[in-house]
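Just passing along the structure, written as structure tokens.
Just so it is clear, A, B and C label the chains in written order, and each chain counts residues from 1 on its own.
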Amino acid sequence: MSALARLSELGLVLPPVATPAGAYVPAVRTGSFVFTAGQLPLVGGAMAATGKLGAEIDTAQGQRLAETCVLNALAVVHDLVGLDAVVRVVKVVGYVASAPGFTAQPAVLNGASELLGKIFGQAGRHARSAVGVAELPLGAPVEIELVVEV
Amino acid sequence: MSALARLSELGLVLPPVATPAGAYVPAVRTGSFVFTAGQLPLVGGAMAATGKLGAEIDTAQGQRLAETCVLNALAVVHDLVGLDAVVRVVKVVGYVASAPGFTAQPAVLNGASELLGKIFGQAGRHARSAVGVAELPLGAPVEIELVVEV
Amino acid sequence: MSALARLSELGLVLPPVATPAGAYVPAVRTGSFVFTAGQLPLVGGAMAATGKLGAEIDTAQGQRLAETCVLNALAVVHDLVGLDAVVRVVKVVGYVASAPGFTAQPAVLNGASELLGKIFGQAGRHARSAVGVAELPLGAPVEIELVVEV
């Protein structure tokens, strides 16, 4: 089943591509790779929530925000090359705005990783780095970037 | 117009390649990519400023430091493959040392992105991730790495 | 001398591949690249130490933890493609959990970079980004990811 068909079966819709937060583009294709910009949990142009994991945002909410970041990233990939051109999700880097002592970044980012698995199956199995950072743009709790092979 | 000609027209000069801050090299070419090391705002071997955005460093100064990081990165690319070999700037990752509550990382990194646009035109349009981090090497306020296609 | 032979000469043994901390895989090969997941200083499934550089962990200990991250990363590469398939270490990104004011991330990551040099010689010379972050998964003091050419 294609990624687009699977997305539909999951009841998910790719959002419009979010306007970049600065003087850059949402993604670049080079050879057989697409590198996305870091994607924030924007919904309809507004941040779905702001704050840090371990303070204003709990892990379950963080997982949903990570899913939103992934949908935004996939919208960007779809806009550039078409989602069904994706051969493999290669790498996910997930930055989690973390209050002191919050170390469950992997649990938060499982929201992203599991959604990629549901959409792409085996082709969604990716390498991942999870990092807890001090602050993210516009107060975002989570930021996610993808490298995909097309 | 070539990137080198454009740089000259902008009145900019590539600095000497900064000595890496550790046991690594400034950049690696592999196939059609160059990956640079994270570049700090070093000028003549000394940090142009130290401190955090949202505390000692304001956004306008951060933008100028981001420009300095980009010039250092381009010096490294030029030294390795020649600046005019660049086909496309693919990805910029910008780490901004951020005091609590500072969330204007995108504005700071626009200093880098806009300079790349001036130098490379359409070929300078890149994907970007902006992150606010706790600390950077040697107290740097900004660190920037590039992936370019050659 | 092959990387495996050199590893043996150094008295080092690749550990078993650590179970990923989430819903991802330890590494992905795509074309002539292997991207590893961020590797933590796990030994036998447990974190070798927890805490931050500049607080609970000193630079010398951080360097040893960075070496452990590299051995875990190389185990992952070996499991996927065989260590002797590595043509070049391209990029190292090192995240260092940093207490306020700790700016010696490069010194910590030299533990990683120098070990790669000992194992791979010239082929181990890589570009590197060093960043000081707020928190890392499971309280890890250091996390390291590699991009290698195979």
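Definition applied: a contact is a pair of C-beta atoms (placed from the backbone, for glycine too) under 8 Å apart; a residue touches a chain by one contact, two chains touch by 3 or more.
Only a predicted model underlies this, so the values are computations on that prediction, with no experimental measurement involved.
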item	value
Type of chain B:chain C copy interface by residue overlap (half), same or different	different
Equivalent-chain rotation between chain B and chain A, CA atoms, steps of 5 degrees	120
Chain centre separation (chain B, chain C; CA means) in Å	24
Junction residues of chain C - those touching two or more other chains	133-134
Complex interface listing, chain C residues touching chain B	32-33, 88, 90-92, 98, 100-107, 109-110, 113-114, 117, 125-134, 147, 149
Residues of chain A touching chain B in the complex	20-28, 30-31, 35-38, 93, 95, 97, 133-140, 143, 145
